[in-house]
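In structure tokens below, several structures.
Two complexes, one shared chain (chain A), two partners (chain B, chain C).
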Partner chain A sequence: MAIKEFMSPVPGIFYTQPSPDEPVYKQVGDVVSEGDSLCLVEVMKSFHTIVSDTSGTFKGYLVENEDEVSPGQVLLEIEISE
Partner chain B sequence: MSINKLLIANRGEIAVRICRAAQELGIKTVQVYSDADEDSLAVKIADETVNIGPASASKSYLNMEVILQAAKEVDADAVHPGYGFFSENAEFAEAVTNAGMIFVGPSGETIRQMGDKISARYAADKAGVPTVPGSKGLLSDFAEAKDVADQYGFPLMVKATAGGGGRGIRIVENIEELERAIAEASTEAKAAFGNGGLYIEKYIETGRHVEVQLLGDGTDVVHFFERECSLQRRRQKVWEEAPAFLLTESVRNKLCESAVSLAKSVNYKGAGTVEFLYDETSEDFFFIEMNTRIQVEHPVTEMITGVDLLREMIRVANGEKLRFKQDEIKIKGHAIEVRLNAEDASNNFLPNPGVVSKVHFPGGPGVRMDTHLFANYKISPYYDSLLGKLIVHDEDRLSAIKRLERALSELEIEGVKTTKPLFQALAKDPSVISGDYDTKWLESWLETNSSNLSR
Partner chain C sequence: MSIKVITPGLSTSVQDLGRPGYYHLGIPLSGGMDRYALRVSNLLVGNDEGAAVLEAAFMGPELLFNKDAIVAVTGAGMLPKVDGEAKSTWASFVIKAGQTLSFDFLTSGARAYIAVSGGIDVPIILGSRSTYTLGALGGFEGRGLAAQDELPINECDISKHTEKSIDESLRNLPQKPGELRFIPGIYWHRITEKSQATFINDTWKVAPEADRIGYRFKGGEALDFVDREQAFGAGSDPSNIVDSCYPYGSIQVPSGSEPIVLHRDAVSGGGYFMVGVVISADMDLIGQLQPNKPSTFVPVTMEEALIARRERKEKLSKVRDFLS
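Take a look at the complex of A and B:
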């Protein structure tokens, strides 16, 4: 079973939810479809939503909500469905 | 002076600018800072500093209680909000005043009046300032919108009264779109701003952005002429000039006097700017909004008038009368400011925080750098991307552009990508040199030229 890692495209601040009042994008075990939003990286007031280009099962975030991330850092993993 | 200690409720280059002005007036400064700004220039040069919490602005620079608590602790008697953050927040201005301190800016009431688009438009109308044709006030129903459409034709703009800075605006081309936009925009504005109120204006497709700098002491108001800020990307100004070279003397007088009459009608106290859309062909100008704070581009006005606006706004906040009569304020030469942002202009202006490994700022006659950068400074991802402003002043516009080119060639900021290559290209562009552009020009220019902007 293949695991796909999603990396941050930019240095910034990592968020697991679209805004503080909204639920997290994904929880461990959730089904992920292509096109689903997975997390958010904010850099200097510009927001980058990371969108899934695959379908599968959400394995979890590797970074805490609101932590600083660097470009190329792995943010989350998805187990690709066969 | 009754202000002895000024708390600076901001960060970055404007915090440095405020600190310098206050210290020159013999006022002690207190710099508040988040965890991310501990090593910032503003913290280094301030007389006192107070940590106000985590890097995230909502927990520090936008935390009203923590800032007021800090002001109390250090016994500050005034608070300067700078621009952004709490600068146009009526509640903050009132909280500062209620805590027995001076807010360096207009009253909460004035901030509220000018912050609400309809009440600002109403105030402008009443003061005889031309506004864009449209609905008289808040739309009550679709029939009223239809009347406006019948009277002025399309395209029209549906705007949220609580919007601003380009947010909450929809452009419609026909009656069906108008009906849909009204339904959607109201719901959207309610969700985004907590106020679903809408109004309609005629959409003027091309125009130039011209704005008048004002200073009021609560009774008298003077203007410091105007700025031209049409070079914009996504409604953000990138290059600003003073004066607006395209205005005839009579239009300039009309424009500046109309801004003064609006400010006088609300007994304006502090530094402020009235923004206008200017139609070059008809020489008509229309009120857009009034900003009740010091603006990023204030230095170009300082350069052509020789007045330190930051010091003057502190003086009037302190209760002093204006020190200038209108006829004593004169334009000398031409000034240009460019905004150096930590953005990669060749890659869709992708923000680009990181460590500045080396800096060298240009010098020589007529060159000014307003910046918080220094070598080995770490640019934080938490705040906006403005690194500083390069301002040049010369005897006329063309020599100012040449001076800008020369200054840019001396400027070195290493370790991060900046918008310097954009300005090097613009300074050589025939349309920029001839001054032939409107607020839409830069975006279409970038479509052709942005790939050549890497260094």
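Take a look at the complex of A and C:
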């Protein structure tokens, strides 16, 4: 099964939840559909949502919530469904 | 001719060399944050140095061209691609009608300047085509680009154009860590000698909220103020002063905690003390600092600042000579 990596397009602060009092976007093993929101990166006072362009199974975040990220850094992995 | 915006990137706006002359009325300079890169992008495609270009922060747009054009991308390391084929930065290349310009991930710097032969033809407002987003003034409808926008481009004969590039030594990117030279200012005495030393010796980091209005830094030790009875009209916080003008490049430190360098879209006055002003030669570099980038503030004299300004001018003349 192919694994797809999602990279941060921008530098900033990484978030796994839409807001501090909401649950994380995805947990390991969750089903991911095309168009699902996966995480946020905050830069210049705006939040950039990373959206899935594939369907599959969520394999996990590779960055801790609220960590700093750089452009091109891998944030999470999805196992693509055949 | 026009360019269709397929995706706008994160924050992409039309900018030229700015709108000086109205700052006293509260209308900021605007214009490219890295004006050196902006000028060079125009020179590479045969435009006047001050023609309107696109400034793309951290992430490039996707643009569809409906006519042949010459394009150059300078500033940040953000590799341009024409229909997926990689091109170089700091160089001009041809794009044909029907082709799409897109970008790779940012590898260095923060803002790319995208010049198109002829220049972007949005209306001139108060002498400039620059976008002042906060005031919804100038640029494309007073805002950053959005998907489906059609950007008008001035007609221009490109038949005689040859592809050009400039030498690595003439490109301008921040050192590691970013060193920002500044002249200590009229409120420098408001902080203790110990804080004057930590301000200079500490390594600060660009905060993620840094933008065209101001570049915020964090991570250094908070500044302590010399005790005084607050002047009449000044707020109660020791970092407050009686309202004053904020120069472009001035470094204010609200509550003494996080320095903010005011940049092209800054407000022109307020009640925070300023430790000093970043020298004009280093303002372009600020526009190329990514969030989280380590940076230091290095005090210099007016004489050193003027030498630095002269060096920047000479570097630009070298580019002009090289490309003419």
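By our rule, the second predicted complex is superposed on the first by the 82 of 82 C-alpha atoms of A that agree within 3 Å, B and C clash if a C-alpha of one lies under 4 Å from a C-alpha of the other, contacts with A are read in each partner's own complex, and residues count from 1 in each chain.
Methods note: a contact is a pair of C-beta atoms (placed from the backbone, for glycine too) under 8 Å apart; a residue touches a chain by one contact, two chains touch by 3 or more.
As the structure is a computational prediction, the values presented were derived from the model and not from experiment.
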{"item": "Overlay on chain A: chain C relative to chain B, clash or fit", "value": "clash"}
{"item": "First (chain B), second (chain C), both or neither touched by A:E66", "value": "first"}
{"item": "Chain B versus chain C as contact partner of A:M7, first or second or both or neither", "value": "second"}
{"item": "Chain touching more of chain A, residue-wise (chain B, chain C)", "value": "C"}
{"item": "Colliding stretch - chain C into chain B, listed as 22-30, 76-84 or 94-102", "value": "22-30"}
{"item": "Residues on chain A lying within both footprints (that of chain B and that of chain C)", "value": "10-13, 42-46, 68"}
{"item": "Residues of chain A that touch chain B when the two form their complex", "value": "10-13, 42-46, 66, 68"}
{"item": "Interface residues, chain B side, partner chain A - complex", "value": "56, 342, 350-351, 353-354, 381-385"}
{"item": "Complex contacts: residues of chain A adjacent to chain C", "value": "7, 9-13, 42-46, 48, 68, 70-72"}
{"item": "Residue ranges of chain C in contact with chain A within the complex", "value": "10-11, 57-59, 105-107, 110, 208-211, 290-292"}
